[in-house]
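Have a look at the structure that comes next, please.
Note that the chains take the letters A, B and C in the order they are written out, and that residue 1 is the start of every chain.
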């Protein structure tokens, strides 16, 4: 009896294991085809290109979907599904001419109907909910989409905005596919969707009908979700990942012998800052905020955390948007000015310093490490800074949406729109989580929005950047560099000024 | 009580005492003095262990030995408080449920069942998510996780002793309930309870470092052995000592306590 | 029979308590799946639409009992976070079903390692009369038991992976693609799980055997002229192994819970990692089912062990 039972126990265990093990065994072998594995950090948040919000998802979907226009590696817009477009002088009518012979992955030719459907879906004309806020009719976006003929679509918008064209990168999908229950993601991009396994990978294959001659060059691309930055390095060295775009400084050093991978540095589109809540004591005092800006040693942060690949910034604009950017690093300096900081603190009545809690989303190693350096630098001027690591959702709810914090270190991922970052400092903006309020700023921002001349607009944007710096609205730190490891067996990788992993030009040497 | 035992002092006890003694000494000292500032950064990054930096330096050029001292202190402090919290909860709830039984017993037992069934690390994860991160909350949540096993041990001892002759006599003599519970019975369960406290201490050390390793325990820039280990993992190749120092310190601490409890157990034999 | 019925009721009550507690916890912790999905790009209209789509605009109590009703009908719901295709979300059963094999194989492989190493080791230890061997094994097993699993994982990664190059850390191969490669990779995490348990089991078996060796029946067997070999393997080991089997049962429960950390270290896409990321994503349907599943396995294993105990030792009365 006893023997039988123990036997039974083991059989049961084995059954458990075997039953679990032999589910479906769909194996795939890449064979002789050229394929590439790209390591990515985050799982994707949606397979619907209009619903996806995470930068980490958009950079993958870039390969599957295209808009009427898309951005190239220089940050300029080029025609994609549309071969050409024209904006009327009053800025209210956009006329798109569709490119000949662009096909969806299901083999159907893209029609004006598909374009109309897609634009109405994102702008909310279809069901009342805008999926891309800037295109919403309530925000001066699309008010109507008219098909002029088979090849021409005219879009009317509510108000003139020179930056609105950037929103037309929104994916064109087959008409009705947003409501079709079991639709696989179908777009017009260089690769088509094969499979997605949560927490493991997304597999794409070549789109043989792609409209750009000679592209894509690879047969298959696998985006592999990497568990942690730590394992990514080991996978690179073990050869299970070919491309990995988010190396840390020390990982880049470990790969620096160049035996297996080349490490390339490119600027990212993340604005990292020690965000200061302008309405919380003592940070509501401009002198205190200035003292903090003087106390920071941005060079040291760049050295310890950024591997000296970051571009230091003094205001809210990506330096890569050179037409709009103004270098304001000199105002408070890139080195710490302890004397000046202490002097300002004394003026503000805090000669003995104060306690400051810095909330940091704990899933971002980069910001956490920055926090450790920043806390040390603030201690040097008498501000007793402590780090409070918060989970990402808590950060979103309490700090970003709730604005219940004093200081936080985080990064804002910008798109190509030059005003993207400046928009959130308008006093009424729902994204103004630092509670910055300056009537002059609001006024200039409104003028900038109405300006159709790009030079005039750039001029306003530069004024806005200066205002932010003069008010010490927040302590901008840097735009971190992106260090990308690329396997020696590959070539043709292109860097973009936005988060995009364009695999179409990559090929095996 | 234990040292007064006339039995021969055994090797386990001595080895355990030396190891724990050293660890506790370093840990307590770490609260007041460390060779370098525990968060002081320098340009000497990733230095291998040397006489200047016993355990080397980390990615910010901080002295790992100083941080291990601080981390050791934190880990010991948190673990001891967790055990005190859960042991106290165990004694009070275990005594009441074991002695009186009834509805309270049923409720407490079902709740401890649920807590036991829940994977402990998950429970702590949820508790920390609810309470927020930080040392006090870590202690509270681990305390909740560790309580059920103590409640069970104490309860079963009270269940066994409540019908013992001397307790019956005490009841007949009209001794108050609280007096019976905590003056008459409690001392008799201490030997059994003592061993489980030592084991609990070990589990608490492992749990604290596990939580901090997963990033939900002690927060930087405060050092804890667990979060040092998780930071160090990214530098395993270029600075293996960074991971080895806190890792081996945990092993040292746990081994010390288990040798000590093994030694104490052997006194009893 | 009454015993079984009572256990069953306890199990159901515990599962109910656990699910209610998890639901409650989700009500209390900051953020929900909507903030998690929309992140910093959220607009109030989008939030409202998503809440409506996910059915989050109903009162909590209604939602909980809706959920309980669905589960009782066998509908485990769909993940809030993971898509199946463009417009559908992945059913929880399918999601967990895809991850479960990884964790179960890890547990199975660990168990095989534990049994394969600890039984011979324990027997050898009990038989060897040498005091030196006794001391060496004593210290070695004490030390092995003191290593936390995540540090052991790091050590295995460093020594066997980086220094000796026996495997590519992080180079997990899906069981769907290459089962052999999957098991080969899984061997190393399993080793990290197994080592402390091997030490524990070997110690336990040794003590159990030493106790048996002093038992009366052993002396009787010898006096009847049995060979030492026959006494050892025919009688002592057989009797000593029984408590070890139940001990292993308890270890099984620990392995399932403990694999959460080891999966994190080795980058294994098992249910432990799914659980942690689902908590972070506030993916309530997935977290609930995972917690219920883990709780069920743990309680079931303990229950099984309990029954085994009764079979072995009839002195444990039904109480």
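Methods note: contacts are C-beta pairs under 8 Å (C-beta built on N, C-alpha and C of every residue); 3 or more make two chains touch, one makes a residue touch a chain.
Small disclaimer: the values here were computed from a predicted structure and weren't measured.
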{"item": "Chain contact topology (line, ring, star, complete or other)", "value": "complete"}
{"item": "Chain pair showing more contacts of the two, B-C and A-C", "value": "A-C"}
{"item": "Computed distance of Cα centres, chain B from chain A, in Å", "value": "43"}
{"item": "Distance between the centres, which are taken as Cα means, of chain C and chain B, whole angstrom", "value": "23"}
{"item": "Separation of chain A from chain C, taking each centre as the mean of its C-alpha atoms, in whole Å", "value": "37"}
{"item": "Chain C, residues touching no fewer than two other chains", "value": "29, 157, 162, 264"}
{"item": "For chain B, residues contacting two or more additional chains", "value": "129, 233, 236-237"}
{"item": "Multi-chain contact sites of chain A, meaning residues that touch two or more partners", "value": "228, 391, 394"}
{"item": "Residues on chain B engaged by chain C in the complex (per definition of touch)", "value": "110-111, 113-114, 116-122, 125-126, 129-130, 202, 206, 209-210, 213-214, 229, 233, 236-237, 240, 243, 247, 250-251, 254-255, 258-259, 262"}
{"item": "Residues on chain A engaged by chain B in the complex (per definition of touch)", "value": "228-230, 233, 248, 250-251, 253-254, 304, 362, 365, 368-369, 371-373, 375-376, 387-391, 394"}
{"item": "Residues of chain C that touch chain A when the two form their complex", "value": "29-32, 35-46, 49, 79, 81-83, 85-88, 90, 95, 97-101, 104-105, 107-108, 111, 157, 161-162, 168-171, 174-179, 242, 245, 249, 252, 264, 266-269, 273-274, 277, 280, 282, 304, 308, 311-312"}
{"item": "Contact set on chain B toward chain A in their complex", "value": "39-41, 59-60, 129, 132-134, 215, 219-221, 233-238"}
{"item": "In the complex, chain A residues that touch chain C", "value": "1-2, 5-6, 9, 13-14, 16-17, 20-21, 23-28, 43-48, 53-54, 129-131, 133, 177-186, 196-200, 226-228, 231-232, 234-235, 237-240, 363, 391-394, 396-398, 400-401, 412-413, 430-431"}
